[in-house]
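Naming follows writing order (A, B, C, D, E and F), and every chain is counted from residue 1.
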Amino acid sequence: MSYTHFNLTTPTEWVAHVEINRAGKLNSFHEEMWHELGEIFTKLSHDPNVRCVIFSGAGDRGFTSGLDVQAASKGPLMSSEGSDTDPARRATFLRRHISDFQACINTLETCEKPVICVLHGIAFGLALDLASACDIRICTKNVRCAVREVDIGLAADIGSLTRLPKANLPFSWIKDVCLTAREFGADEALRVGFVSEVAEDKNKAMQRAVELAGTIAGKSPVAVQATKEVLNWSRDHSVQDGLRYVQVWNSAMLQAGDVKSALMGGIQKKKPRFEKL
Amino acid sequence: MSYTHFNLTTPTEWVAHVEINRAGKLNSFHEEMWHELGEIFTKLSHDPNVRCVIFSGAGDRGFTSGLDVQAASKGPLMSSEGSDTDPARRATFLRRHISDFQACINTLETCEKPVICVLHGIAFGLALDLASACDIRICTKNVRCAVREVDIGLAADIGSLTRLPKANLPFSWIKDVCLTAREFGADEALRVGFVSEVAEDKNKAMQRAVELAGTIAGKSPVAVQATKEVLNWSRDHSVQDGLRYVQVWNSAMLQAGDVKSALMGGIQKKKPRFEKL
Amino acid sequence: MSYTHFNLTTPTEWVAHVEINRAGKLNSFHEEMWHELGEIFTKLSHDPNVRCVIFSGAGDRGFTSGLDVQAASKGPLMSSEGSDTDPARRATFLRRHISDFQACINTLETCEKPVICVLHGIAFGLALDLASACDIRICTKNVRCAVREVDIGLAADIGSLTRLPKANLPFSWIKDVCLTAREFGADEALRVGFVSEVAEDKNKAMQRAVELAGTIAGKSPVAVQATKEVLNWSRDHSVQDGLRYVQVWNSAMLQAGDVKSALMGGIQKKKPRFEKL
Amino acid sequence: MSYTHFNLTTPTEWVAHVEINRAGKLNSFHEEMWHELGEIFTKLSHDPNVRCVIFSGAGDRGFTSGLDVQAASKGPLMSSEGSDTDPARRATFLRRHISDFQACINTLETCEKPVICVLHGIAFGLALDLASACDIRICTKNVRCAVREVDIGLAADIGSLTRLPKANLPFSWIKDVCLTAREFGADEALRVGFVSEVAEDKNKAMQRAVELAGTIAGKSPVAVQATKEVLNWSRDHSVQDGLRYVQVWNSAMLQAGDVKSALMGGIQKKKPRFEKL
Amino acid sequence: MSYTHFNLTTPTEWVAHVEINRAGKLNSFHEEMWHELGEIFTKLSHDPNVRCVIFSGAGDRGFTSGLDVQAASKGPLMSSEGSDTDPARRATFLRRHISDFQACINTLETCEKPVICVLHGIAFGLALDLASACDIRICTKNVRCAVREVDIGLAADIGSLTRLPKANLPFSWIKDVCLTAREFGADEALRVGFVSEVAEDKNKAMQRAVELAGTIAGKSPVAVQATKEVLNWSRDHSVQDGLRYVQVWNSAMLQAGDVKSALMGGIQKKKPRFEKL
Amino acid sequence: MSYTHFNLTTPTEWVAHVEINRAGKLNSFHEEMWHELGEIFTKLSHDPNVRCVIFSGAGDRGFTSGLDVQAASKGPLMSSEGSDTDPARRATFLRRHISDFQACINTLETCEKPVICVLHGIAFGLALDLASACDIRICTKNVRCAVREVDIGLAADIGSLTRLPKANLPFSWIKDVCLTAREFGADEALRVGFVSEVAEDKNKAMQRAVELAGTIAGKSPVAVQATKEVLNWSRDHSVQDGLRYVQVWNSAMLQAGDVKSALMGGIQKKKPRFEKL
């Protein structure tokens, strides 16, 4: 598979690496890109050769500067399309557009395999929508994050405002960064828990991501996918609903051959091999 | 507008400052006060001249020591009113009273504009109910916070027990401070995320609050209010419900002139001016 | 009351201490044990002589190493029982088994009295399910925690995956430790908020737990139980539902004699005594 | 208490009758009216002399023809107020207006005492918003109901679209009448369950309402209010949440002297008298 | 298995019949009885020889007259136990008691096998709590139903007020019968949907129940249990959550041998036999 | 647009008619068909020339007999694909398959325009999943409906079990027809509310559907789409959440030119024309 705006590689067995490939424009996004992103993650979700995904941006300058403002200013949000109609029809047009945009980004969260996001350098606006939809976030020391929507007069949210409160970051801090659009760096990101790890530079961060992804890919894919699924379900439901869901999910999953393989591996002190999923 | 128990000032353009004005009694609250507080924030919520609110307590000694115990002991909770009736009628009387009390405090959260709470010195009991209902919390180094309900034999909750778990503070810590009623200071408040910033003293904290409020007030009020609204909605709903709500909210809000103003401001490198809201 | 697999003692007035008593096997659990645990906490929940509970593991080596793998390999999850039937019937068998297991662990959460968990040394797998169901977690410096399910090919969750996201720990961190099964120690546990306190060693941790439990036990049991109840309810409901629940709960609870006792105690500067509950 | 747009009478002990008093204009509503309505029901909710409320329209022609279109066309929805601003600001203006309107109608539902709605003749548009917020609906044979919003190009909903699906009426029927704006009469209203009773004419309907209200007012007000509260809560929550709420609510309410009075009344075969609430 | 207060028989293969056996007292319930009921249904839930359950009352006079008032007047609700303590402690005592009572009745709903309730003659108070917790309700022509709580000054709800709104009966009708405590008969019960069938007399009703139970018991138990489970889950969740739950539940259940058996049975035109569950 | 398995016509202005075109096989479905169905409704949802959709089956014999059993027996559910793997992997395969199937049927519900389902003759199994996902259901006198899953040993649910309880049909009746798989006809369907209208025969039913669709298509499309959206949202949320959603939705929609057109139309007594949406 080869894509126009993203590089797709396999840094290590069972691991896919999706790299935003538009370094010249600081990996900023236009509409065609988020549609392609949605396509990629929809495929990876069911690809039996993939057990963990790394998501990062090409080049030294940053993960992504967010929306490509020039493209956006010609795109549907700013374009005059539908502007001759009344505000209700324009609203319908915009709602459909946001819905479609959200659906593309949402594939990062609904991807059955864990997604590790590597944030380096500039990570503005859409960068946080993307990162929030991933499972694990690590960053470099030089990262510069910002929720930019209030700064460009836009309350448009493709997931940051919805997912940050669910990422269990202190609510006072979330409101501070979302209402001021101020930047925050690696130390702060780690302290509040937005990222779970900070690496010296991009190389180190990528090494670490590959290592982490390799570890996860070495586990039973049945167990790994169940873990992602149950954690996400639990985030959005009561504990009682969570416990019930786990019962039902695992009533099938505990029948996996992986359980025996893992136990045997443990006893025989050698790394178990698990069937594809 | 002038009030009996609160000072209402305008420290900088678009910013309102509500100060509890009962320093002689450590800004402790009696019933008349929370009704006036409710009135104030209900008005500020729709006041087009206000884009951000600061909430603090007068004097050096503290934000507020909570309920005025002397007044409370004569008030409805302790008074003999309704006590000659049976426990069911007394319960109805108390439920209505708590409901009414909560409704007043709730205006801090439902105020459409962000509310920044400045905590200094003593901040006991009701102090935390109030602070939890605000959007951003900053404190001074000398702050002394305590959830006091268990200490006065009261499980009465005007919002702390309900909002602290939703403020994304570690649950083990929440239970520790709520079950022991022990004090905690600025360092601990910052570490767990109850506040997002600590200032050297009250002056510095107020300066910082005004600066922060000024920053927020300088942004598009359409974007700022949407941000507060969507963050609060997302806290209480699933991610899917959050994303849908954002679509609908923004289908109208993206039609604001602010988007163009902000973009132009960005290109022309000058601060945009936004219409009232 | 005397139990086979647990020691039940009273380290200080109103405080019960439940100790896993299988140090020879690193306090690992077999089925009989979680049933007995469920029985114990069901009784403590309504025991008027108990106002706070401490939960810990016997011996120096650790809190618990989790499931007794040898016992488990002969138990229902691994046994051939039901394996001659089709996967649907096997699934039903497993679902019932997980449901029953969860119900036992759930008694820690539904126990009306606060439960303080002391984690020392090894705390693997089931250790985290147990600890997550407790109210307050403290640990020793030498603690070694790990969510082990992905490592034994099992996605079986008896509560960790459901409760960790609700314990308000950073979601990126939760996914990191749950997907990699890596160990984490005391510093990390404190930093992310999994524990609210770290003690030098097991003795110090137990002393601290008894002190904490004693403090809580000294408060009005009406207020303490209401606090646990309302915090847990709020975790799983919207703020509006939480505020309503508090109104109703406290309409009865504010009629407790404890309120007067506590107020008098405060005025007369002596420790109030509260009636049993 | 005397009101401008409504007659407030006491047809029988403990029963209040609120009558829309604008027969000349077919009881159609303008803004001042719904504010007064909100005031009335807020007062009745806590009035210890009222145990049940009847709500109806004056005159022969009908309950209400809904919004006073002439007034509305000069009112905020149609007025040019805010129309010089951009669509986002106009949307904010409209949202606040709808919110305020809904809050007034909502007092019918939040009134602690049951509200019986009598529908006769014309009952269009707002009539259904009002009726849906009441507890019991009875109508006359000549009633002509219609959900009119789609007919006047308005999707404005003050509660019909939200409450009809929760009134347990067949969803296919709800969509039929809401999407076509067609009229439906007494037989259909009874068949689908929108009303629970049909009377020959307005006199009979009023007699029946007074009889029904008298019956309810003769019961323990503690039990009656609990019944309304728990039914409404259960409508919006899961069965488990409903059962828990009942436990807590009744832990206070079962302590009412009413229980003894009712039991004694039953044994002594005479109507018990209950204390005010 | 033999029980004190209930007859347990097997009217046809795979069908259990639980009969309230206290005809002399109109099958009225005292505390020991609901505990035994809970025990019975907990066992039936997992009994592989049972695929459908019928629940009815012995004798000609009625299903059950509800609580045994004489017993109740000596029981915990009315007894002086706990009455020397303050209202808060009494409330705790009552809450625990209601919770325990609800848990027993709840076993009818959580029983994995469908429960058919046959209502005849007197069916007052607790009768409706019991019937509401069953899956299918049929009644005789002479049935006399009443929600009696408001008549005995009690708002105590063991499930009627919580489950009737979820049984999709018209809300106006529910409030009518719950607020007036009036009786309703077979025709009304069928018209509003409380029962799905009316039989001429008790004999016919029992015959019909056995026939119905036999039909259900002849289907794949995997499919039958899934159907009950998914319908109950869907009642309490959104459609999206329902669809997801179905996916997960059936991912295991579709692997049943029953699918092949049923298909073969269909092709070969003979009744398939299904393995126990 | 032309399709393989469906006829797409325009019986009257603004109305699309989707007809299942496989009368030879009683309109039974194989996998290719539900994918095409999903495609069609996804397109219609945003097609500005369509304001209402009719959905029916070709031929005299029936709407659809459900799954094409022969095709299904070769399809993924029955095929040996994945059967050589363990039950956990097979479960994953099945879950993805059900999810995909549900997503296709779901397009009927998420289609922004109302969908009227015409049921005639045979309407078994999948027929009810399809019909439940539509907005308005009408049927012919000779309709024969059945929820067939339990009869073919399948608990597979593509939406019936999830949506019937939300269609506000009596729960006892739902469980009766879902657990017995028995047929029910037009009278019963109307009595319980599954359909809102019965027509003499298929011709009459189609005429009626076109009439109904024409009526709806003549209304403001802004109002019609809002009505469908808000009713569906309200079904799945609390009344408070419903009211809030309406406020936000209508803050944009009330700005439609349709409001003025409709008002003018009313005054000038001529049918208003509304802009496309």
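Here is the rule we go by: contacts are C-beta pairs under 8 Å (C-beta built on N, C-alpha and C of every residue); 3 or more make two chains touch, one makes a residue touch a chain.
The chain list, named the UniProt way, goes like this: A, B, C, D, E, F = Enoyl-CoA hydratase/isomerase family protein.
These figures come from a predicted structure and were not determined experimentally.
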Which chains are in contact with both chain D and chain F? A, B, C, E
Enumerate, in label order, the chains that touch chain E and chain F alike. A, B, C, D
Do chain A and chain C, two copies of one chain sequence, contact each other through the same residue numbers, with over half in common, or through different ones? different
Could you state the distance in Å from the CA-based centre of chain A to that of chain F? 34
Averaging over Cα atoms per chain, report the distance between chain A and chain B in Å. 32
Euclidean distance of C-alpha centroids - chain B vs chain F, Å: 47
Where chain E touches two or more other chains at once, the residues are 87, 90-92, 166, 168-169, 192, 222, 225, 235, 237, 240, 248-249, 251-256, 258
Seen from chain A, its contact residues with chain D in the complex are 87, 90-91, 240
Please name which positions on chain C make contact with chain B in the complex. 114, 135-137, 166-169, 192-197, 212, 215-216, 219-220, 222-228, 230-231, 234-235, 238-240, 242-243, 246-256, 258-263, 266, 272, 274
Under the definition above, what is the set of chain C residues touching chain A in their complex? 69, 73, 77-78, 87, 90-92, 94-95, 98-99, 102, 106, 109, 149-157, 159, 161-166, 168-176, 178-182, 192, 235-237
What residues of chain E sit close enough to touch chain A in their complex? 237, 241, 245, 248-249, 251-252, 255
Contact residues on chain C for chain E in the complex? 46, 85-89, 91-92, 96, 222, 225, 252-258, 275-277
